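Read through the structures below before going on.
Below are two complexes that have chain A in common, paired first with chain B and then with chain C.
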Partner chain A sequence: MTLTHPSVSVPRRPFARLMRGLAAIGASEPQKRVQFDRPLTPWLFLAPQLAVVVIFFYWPSVEAVLSSFYIEDPFGFGATFVGMENYSDALTNARYQATAAFTAFFCVVVTALSLGIGLLLAVKADKVIRGAGPYKTVLISVYAIAPPVAGLIGMMIFDQHIGPITELFAFFGHDLRVGVNYWDTAIAVITISVWKQIPYNFIFFLSGLQTVPVSVREAALIDARSGWRRFRDIVLPLLAPTAFFLLIINITYAMFDTFAIFDVVVKDKPANNPMTLVYKVYLDGFKGNDIGGSSAQSVILMVVVAALTVVQFRFLERRVHYG
Partner chain B sequence: MQQVKPLDHLVLILGALFMALPVIVALMSSTHAAIEIHSNGLYLTPGGDGVETYNKVLTARGGFTGDVTGLLMLGNSMIMGIGFAVGKIVLSMTAAYALVYFRFRFATLIFWAIFTTLLLPLEVRIMPSYQVMSTLGLLNSYTGLIVPLLASATGTFFFRQFFKSVPDELLEAARIDGAGPWKFFVDVLVPLSRTMMAAIFIIMFIYGWNQYLWPLIMTTDESFYTLMRGIKSILQVWVGSQIPDYNEAFALAVLAMIPPIIVVVVFQRMFIKGLTESDK
Partner chain C sequence: MATVTLSNVGKTYAGGVDAVRGVDVEIKDGEFVVLVGPSGCGKSTMLRMVAGLEDVTRGEVRIGDRVVNTLDPADRDIAMVFQNYALYPHMSVRDNMAYGLKNRRTPKDEITRRVDEAARMLELAPYLDRKPRALSGGQRQRVAMGRAIVRQPSAFLFDEPLSNLDAKLRVSMRGEIRRLQKRLATTSLYVTHDQLEAMTLADRLIVLRDGAVEQVGAPLEVYRRPASAFVAAFIGSPAMTLLDARVSDGQALVGDHVVAPAAVPAGEVTLGLRPEDLRITRDGPLPMRVDYIEELGAQRIVHGFVDGQKIAVTETGAESLPADLRLSVDPGALHLFDVKTGRRLPQTVTRPEAVPA
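For the complex of A and B:
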């Protein structure tokens, strides 16, 4: 049995599709047949949101772009225009490159592990219909835990004196030194970040699985005896849209939302510890007082995350069109 | 329909244990004395020092920072969570209403101006945001803690989708009955959106409660500290102390995670609906 889902097909002209997608989200899509026709009232309703957006989004964003072209005097006596120097300094800096490489590695590992484990648990929870409740509740409740709290608990579990995981590693002959040894810290931060993100993926995969119609499931059961084949040929293609959406969300999570985990585990002591680009922006800006350099790094990150979001919008359009 | 194998349950049990054990460890260890933890490691069974530890964390000044009590931080976290959720709902509902139900000039431009905010998370513009707050004199204030976080259009996007699914006939009928824009909004749309509002409230409450970076840079005055900010402080105090206050740190972690966990578990169904539908 072959079952193709429309939204898994590869678009032939991706760019045209993207533009159409963005346009569809814009005002060109079908509007309400009836609308109020008053010139002033809508502005009253929009005013609060617009005010907040202009003051707390556009102002700082523009400020970030502007200050990325200047080098600020450390004593506050004005700033010098330096053009692209902050950018070239950042991009050619060995430490920046190392951080970028680690961020990429970190994103890949965290995304792969938390998507994989989330999917595995969702498939199993979907299978055991009776008694899935308690598992679900346990998994979902971890969603509510804040990253710094996860970081704090994780730090204790990886602690050099009292941490059970440290003891486990010692049993296998490795002296785990989180916060001192680069890769040991990386292991801790990755584990905590994956742990924190599994519930999110679980929730989405499970609700994706539960929208698979009973008729499809039954047909699949007849056509494919092997559970693995059923999963690979039927369930996975049907989950592809959810998985793609989650992929973007997980990358964004690994890049930005893990800030608190790094801050708790690394504790402002970057010495020989791994960190993500966004943590470096924070350290350089607030601790290092390098406002221009920090801003240039911010702008680079802005470009990356904006690109990711545009990809996500394109996915959104697919959902709108094909359900 | 499908055969359930013991292996499926085994995988689920292992998964649930992996997720739950750290939480249980935090909860149990918080009821032991620091010295016990220091010499015996973490605990999976309750101890006898819980009341004392929580009492100290909640009420003693300087329990872990200079002058704040856990109770004060709990209150600030509550203000942060509820204030953010309410603000988000009010701002995004009104804006979405204007975008969906009105024909006006520059509507497309405004649409893009609002939805561009989805492109950039606060983290990438944290430094200039701080400078703007300091220019406006909003450091160390509840306004400064809450309002800037509202500058993201997630809620607006969600309510806009929802309003578009509301049948046109409702507005037609309301207009025949002579209802103006304000009356239609208050008497028809708001009651209709009740479930959506509740779902959004849950998600936004957790989001606001769990904020870390923003309170970290925005508050230097300890009376504005939230629990998340307190976690940062308790870890800073540790440097140099002989036996770290493991038990107090765990108690603080437990306090910080209990309210959002309760909200999620109690409103599980509504929470999942809100999450999976609003993030589309």
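For the complex of A and C:
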């Protein structure tokens, strides 16, 4: 086939470039190179996956970006273009700023605690059992609980009348009022979120620990008397790739996957309760019917996550030793 | 530097395996002792008890004048070289060597001096800033040695340090270890299953079998007078031939063939013959049927049968051999072992002047 008409050849160029790009990727790993007789066959194979990504990810994203520039009529009769107004409204809003601050605080605390406790449990388990099953199963089973259910179980523990943790706080003279008092709610949500995430971190840290060769540990045993030093100088650096992976997973978890926990704990009484930015997006959009503002917030969130990921990979990953 | 003493040392693992039973050994100051034996005989267990990586079930381990049974490995003043190197993968070569010294609060310039010195000795100077994964197997093993050397410990412990290297490198590293040990004069305990490595390295050999000491002695002593049929078959390559034989009227016989005079009580014996002690002669007393020949260049090994039993002979000839040969042997080269216990029978050597009238 010869292409004579320029209007036909022009839209084909980016496609050809993409194909060349893919071929180049294949060339760098010759053992993975696959030859197709027809150039369209690979796209056919990719189509279902691409469709999922486009329909459920790119399309809503584009929609969100578009609607963030409009103010929608509360009754859905029309939309007015307002430029960056939704963004400036959100960023200057005191309530939004407070939520952002709490989200940052929440992410740091949940990530630090669930990583720290997960690692501590893994180290202890590694010492005691070096791989025995039942102990692991008990700890990991918590992870199998769906977030809303975890929230409900958590609410029982924090219940105003029968919750054991409420009683514990009462014993120390504090009247714990989850859902009413801002910081009491924060404590409850953080506790439930951490509890939910520990098993995941535990299992990854444990398998990470078990990849540290026995003879390397023994060499360290001869080189260093202090167990803490051996852990800090030998085991921890070898665990760094696992820790880096978990760090990203945990931050994402704290920012997004804790949504259901907030939903259960804060539900119907969002007035003076702490929440994350994601939950606020949902509240403003679906409860407050402010589609434009909510979209602007979610775009901001998208940018923050992208920036965070770049920072993590650029500055942290460099210091990680992959065995 | 120090002596290392094991008194009646035993080890029973949690599963009930008796890996080491009642071992008494003294390694003298500066001595190079090699622990040799087949796989699973308890060599590593014994070494690891000295290192402190394994609890001592019974008996007493001393390093210098201290009983170390309950001391932490780091407090025993020993350094160990592992089979798979056990280098810290995230540390540079320099840091690998320096780590043990840092933990002992050695002054910085002293650490630098010792590491540089070890690097020079082991020709590792160009690689000091590399990570272990960027080194070859031989270089990694040298780093592991360097890590031991810089510590200047009372004793070196080696657990099959050359087993992961290819044959050629193994020979050159063997020489290197020997040279270093002589130069540093550090008491060393070295574990190997390779009898050749054991013979070439050791001041003294300890042959271990099923967790018990079978024989202790200088390599040539063990080679020339193996204390049991087990040691006889284990030490030496090609291995000593062991034949079912009997002694009557002061003569050793294989089947109906008189081999040589033997001054032991009459009865069944196990007769040991080293391949290099046998000679192919026209009128030797032992008829041999040739099975196959291994040409090694400098010599060849002739395999065959005497009285239906397997036998091997080494010789340096190059001419082709007939299918049936005759062998002769010096009476002094006979090794006689008890059939039941496998122990060497005393007075096996019957020099002409010692033959009773």
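Definition applied: the second predicted complex is superposed on the first by the 269 of 323 C-alpha atoms of A that agree within 3 Å, B and C clash if a C-alpha of one lies under 4 Å from a C-alpha of the other, contacts with A are read in each partner's own complex, and residues count from 1 in each chain.
The rule we apply is simple: a residue touches a chain if its C-beta (ideal position, glycine included) is under 8 Å from a C-beta of that chain, and two chains touch if they have at least 3 such contacts.
What you see is a predicted model; the values in this text were computed from it and never measured.
Visitor: With the two structures overlaid on chain A, would chain B and chain C clash, or do they fit side by side?
Guide: Fit: chain B and chain C sit side by side once superposed on chain A.
Visitor: Comparing chain B against chain C, which has contacts with more of the residues in chain A?
Guide: It is B that touches the greater number of chain A residues.
Visitor: If you stack the two complexes on chain A, which partner ends up touching A:145: first (chain B), second (chain C), both, or neither?
Guide: A:145 contacts chain B only, not chain C.
Visitor: Which partner chains sit in contact with A:120 here, chain B, chain C, both or neither? Use first/second/both/neither.
Guide: In the superposition, A:120 touches chain B alone.
Visitor: Regarding the shared-chain residue A:221, is it in contact with chain B (first), chain C (second), both, or neither?
Guide: A:221 sits against chain B and chain C alike.
Visitor: One more residue to check, A:233. First (chain B), second (chain C), both or neither?
Guide: After superposing on A, A:233 lies in contact with chain C but is clear of chain B.
Visitor: Quick one: is A:82 in contact with chain B, with chain C, with both, or with neither? Answer first, second, both or neither.
Guide: neither
Visitor: For A:311, using the defined touch cut-off, is the partner it touches chain B, chain C, both, or neither? Pick first, second, both or neither.
Guide: neither
Visitor: Considering only touches as defined above, state whether A:213 meets chain B (first), chain C (second), both or neither.
Guide: The second partner, chain C, only.
Visitor: Once chain A of both complexes is superposed, is A:180 in touch with chain B (first), chain C (second), both, or neither?
Guide: In the superposition, A:180 contacts neither chain B nor chain C.
Visitor: Quick one: is A:61 in contact with chain B, with chain C, with both, or with neither? Answer first, second, both or neither.
Guide: Only chain B is touched by A:61; chain C is not.
Visitor: Please state the minimum Cα-Cα separation between chain B and chain C in the superposed model, rounded to the nearest whole Å.
Guide: Closest C-alpha pair between chain B and chain C: 6 Å.
Visitor: Quick check on my understanding: which residues of chain A belong to both its chain B contact set and its chain C contact set?
Guide: 218, 221
Visitor: Would you pull the chain C residues touching chain A in the complex into a rising list?
Guide: 51-53, 72-75, 78-80, 82-84, 86-90, 99-100, 103, 133, 147
Visitor: Applying the document's contact rule, which stretches of chain A touch chain B when the two form their complex?
Guide: These residues of chain A touch chain B: 25-27, 32-39, 41-43, 45-46, 48-50, 52-53, 55-61, 63-64, 67, 117, 120-121, 124-125, 127-128, 131-132, 134-150, 152-157, 161-164, 167, 195, 198-199, 203-204, 207, 214, 217-218, 221, 245, 249, 252, 256, 259-260, 263-264, 267, 278, 281-282, 285-286, 291, 294-295, 298, 301-302, 305-306, 309-310, 316, 319.
Visitor: Once bound in the complex, which stretches of chain B touch chain A?
Guide: It comes out as residues 1-2, 4, 8-9, 11-13, 15-16, 18-20, 22-23, 25-26, 29, 37-38, 41-42, 90-92, 94-95, 97-105, 107-108, 110-121, 123-132, 136, 147-148, 150-153, 156, 164, 168, 171-172, 175, 181-182, 185, 206, 209-210, 212-213, 216-217, 228, 231-232, 235-236, 246, 249-250, 252-253, 256-257, 260-261, 263-265, 268, 271-272, 275-276, 279-280.
Visitor: Would you tell me which residues of chain A are touching chain C in their complex?
Guide: The touching residues are 213, 215-216, 218-226, 229, 233-234, 237-238, 240, 321, 323.
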